[in-house]
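Going in written order, the chains are labelled A, B, C and D, and every chain counts its residues from 1.
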Amino acid sequence: MNVTVWNEFFEERKYPSVSSVYPDGLHTVLRQALAEQLGPGTGVRVALQEEPEHGLGQDVLDDTDVLLWWGHLKQDEVSDEVVERVRRRVLDGMGLLILHSAIESKVAKALLGTSCRITGWRHGDSELLWTILPGHEIVAGVPNPVVIPHGEMYGEPLDIPAPDELVFISSYEGGEVLRSGCAWHRGRGRVFFFAPGHEEAPIYFQPEIRRVLANAVRWAAPPAQPQPRLTRQGEWPAKWWVPA
Amino acid sequence: MNVTVWNEFFEERKYPSVSSVYPDGLHTVLRQALAEQLGPGTGVRVALQEEPEHGLGQDVLDDTDVLLWWGHLKQDEVSDEVVERVRRRVLDGMGLLILHSAIESKVAKALLGTSCRITGWRHGDSELLWTILPGHEIVAGVPNPVVIPHGEMYGEPLDIPAPDELVFISSYEGGEVLRSGCAWHRGRGRVFFFAPGHEEAPIYFQPEIRRVLANAVRWAAPPAQPQPRLTRQGEWPAKWWVPA
Amino acid sequence: MNVTVWNEFFEERKYPSVSSVYPDGLHTVLRQALAEQLGPGTGVRVALQEEPEHGLGQDVLDDTDVLLWWGHLKQDEVSDEVVERVRRRVLDGMGLLILHSAIESKVAKALLGTSCRITGWRHGDSELLWTILPGHEIVAGVPNPVVIPHGEMYGEPLDIPAPDELVFISSYEGGEVLRSGCAWHRGRGRVFFFAPGHEEAPIYFQPEIRRVLANAVRWAAPPAQPQPRLTRQGEWPAKWWVPA
Amino acid sequence: MNVTVWNEFFEERKYPSVSSVYPDGLHTVLRQALAEQLGPGTGVRVALQEEPEHGLGQDVLDDTDVLLWWGHLKQDEVSDEVVERVRRRVLDGMGLLILHSAIESKVAKALLGTSCRITGWRHGDSELLWTILPGHEIVAGVPNPVVIPHGEMYGEPLDIPAPDELVFISSYEGGEVLRSGCAWHRGRGRVFFFAPGHEEAPIYFQPEIRRVLANAVRWAAPPAQPQPRLTRQGEWPAKWWVPA
């Protein structure tokens, strides 16, 4: 399995409150987390927004089973062409993990169709991450609740389509709630939004969070032998036409 | 439209902490709330557990468009025959509102198929009721969030099927969360679970809560002209058999 | 209630096979159908692709409760600006009916996030439209199945998100099937895809089909008194920020 | 992984039309199919309705990861005690495959809450089994459509809750349709209804059908390391109570 961690990699070089937590970038910690959790059979590469084509040429995407996406302040600068390329690749079977503020990324909005806007936010809150589907593979081996000492409140209504599977709901210090773990099928691919991941706190160092990420990668990966495409025109007894 | 409010009516006569809030029974306040909200075109009757057949003879159910169900300590004493009668009537088109602790009623468990158990509870907590589906008719005219000063915490995981529509999520003082407004289709009928309603607090006197209840009754009511039953055996071009 | 019927209005003036069925355009028949079914309390206007801004200026959309959308061969020529305007208006509460080939419209793809591609098609087939949710308001008074003598086969897999409510499934002469009545919540709005509507057959003259369309308009219309927006920054006890 | 195949085993000894296809019982062929598909790491045992406790003592269920259930004419003779035992075991994490006519079994009705009735049936029809979710693990390596030369039509509306994942829709010779592959989460367990399996045709000998069954067993099996139960009373900062 091949995993690609995509990162905006902006705040880690600009703001001390972020660089002090992720001096080598969020992507480095995410890569380490997945390597540690998924073992040597999984290749984990990194792609950055600053690279040509944001590091996501067609060849990279074609060789990616699951893509993790972290973005925030520079999301509007992601090229529409790359967004469309990612969207098509997901519909073709690639898994996608949308992390934290990336719920408002162009990629998320393109695949989900809604504004993906939160109603409000607040920095620093502790968060309780409650499991809703205790038999789901994404929570295997994960305690309930997961306690995040400091993170960021995101408030409902979050403008997303109803998830096909609602895995987590979080609460924050002010009593706000969020559907913080949401799974969707899109085309042949799978999408998982996971809210924790505020850049000023070492959330991706927490073992429980790493376990969720690894579980979600496994869940989102396409099957080894996917379903073949439908038998086409001329072969089916009743003649028909297929879209161009 | 005819609505029936069903109540266990036990704690209101036994515990001062309850009778001080609902001296004439929860059902009386629920009936008043619905009459006030739904107007003279809607008939609201009451049925009590202590009555013969728990007040739910077949004729009463056949004449009921939406049934509200409140039960708690005496739920195991409800007769299986009446439970089955209610279940069949819901599948045949009647709406059902499952209120508060009635999520663990026999009727709820029969229609939902799961244990309907909460993971924990605590009396007295304030509750914030957050809207998840702001375009749903059940939240029309309802503020977001609704603040309940004192109620009862119910904790996830709540063992219910994923709702067809998740309308509300609540948080409580200890940071717990609950899917507190859940809508399902069952057969030709509709079921709505609404968590607020702890018997020691005047929750059913709150205008916002009354509005939710009235909206939910309207949502759960069957259409004036429902779909006719499927054309049957002998009439359909390809011969077939229908279940006995 | 105000309804706007939007039509591409191309084939009705170009192809005899279409103009013979809809000499004044599909929109004229749809407007008549809705006026007949919904009565004088509902205003039904028409907007055409050839008009400035495709007939969908912001003022028209702001005054529209439910928009019907029929497009086919000229869908790629719809302006992205109008598509985005429609999308935002749906998220803000407007209902949208996506008719027949408009499942591949830009508007549908923008709101659903997937390719919305059918796997194959065939003209002329008879279609059986089976009800899956017999208690849904969209099938009130509608027979089961509805028989469409001549229409168009659309084949699964249809690349759409799983509907929040699956109302109809169709079968065709070659044994193909389609999720032909699909309902979604999107933001504060509602979307309904209804597959029947091939332009070479008088499907929108069928009484059962007209009944479905009218029911769907009623279902998709926003509530008379929608939920107010969330109480904002500075008013909520715990200070927070709202998106710009 | 341990799989148990449960069979009514009645018609195979009574009716020549069935014994000619399954002389040693449906369970024997199902067991062979799973052993062949899942390999030596999976133990497959058989339990029969005629055995004490229907072959499903608590020890057997506790040692079962996934249970397959085939029943038809004798479904009403299954003891309520065993039904309740199976139901609890599913809620606790066991997978369940409901095969063909077992959709009307007591076990299915107990877990799904509805009547589970089909609207009509017809013997002998060919069936086309269409994939709706081409990225789902249950269709991995399975062609689309699967053609079943002779089987049994089951007609919609089928009175089941909306599936959490709709994997297959079938069509039959008379133009009828059925949601023929339906997946649900129930408690910590998973349930999959798979419609093909009429006892008078060698459907469970078809390689594509065997592949679906094996995929479904893998999908329904609980994770190797499931989520631990919630931290309990006295350990959580805010004191609470857990159900008895």
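Points to keep in mind about this one:
Everything that follows uses one rule, which is that a contact is a pair of C-beta atoms (placed from the backbone, for glycine too) under 8 Å apart; a residue touches a chain by one contact, two chains touch by 3 or more.
None of the values given here were measured: they were computed from a predicted structure.
Between chain B and chain C, the least number of touching-chain steps is 1.
Where the sister copies chain A and chain B meet, the same residue numbers recur on both sides for over half of the interface positions.
When each chain is reduced to the average of its Cα atoms, D sits farthest from chain C. Two chain pairs, A-C and C-D, are weighed by contacting C-beta pairs, with A-C ahead. Matching the C-alpha atoms of chain B with those of chain D calls for a turn of 180 degrees, to the nearest 5. Chain A and chain C have Cα centroids separated by 31 Å. The distance from the centre of chain C to the centre of chain D, with each centre set as the mean of the Cα atoms, comes to 37 Å. Of all residues in chain B, those that touch two or more other chains are 131, 133-134, 144-145, 157, 162, 164-165, 175-176, 185, 187, 230. Within the complex, the chain C residues that touch chain B are 93, 131, 133-137, 139-145, 164-165, 185, 187-190, 222-228, 230-231.
Considering their complex, residues 87-88, 91, 110-115, 117-122, 153, 155, 157, 159, 161-162, 164, 173-176, 184-187, 230, 233, 236-243 of chain D touch chain B. Across the interface of their complex, chain A is touched by residues 128, 130-134, 144-145, 156-157, 162, 165-166, 169-171, 175-177, 179 of chain B.
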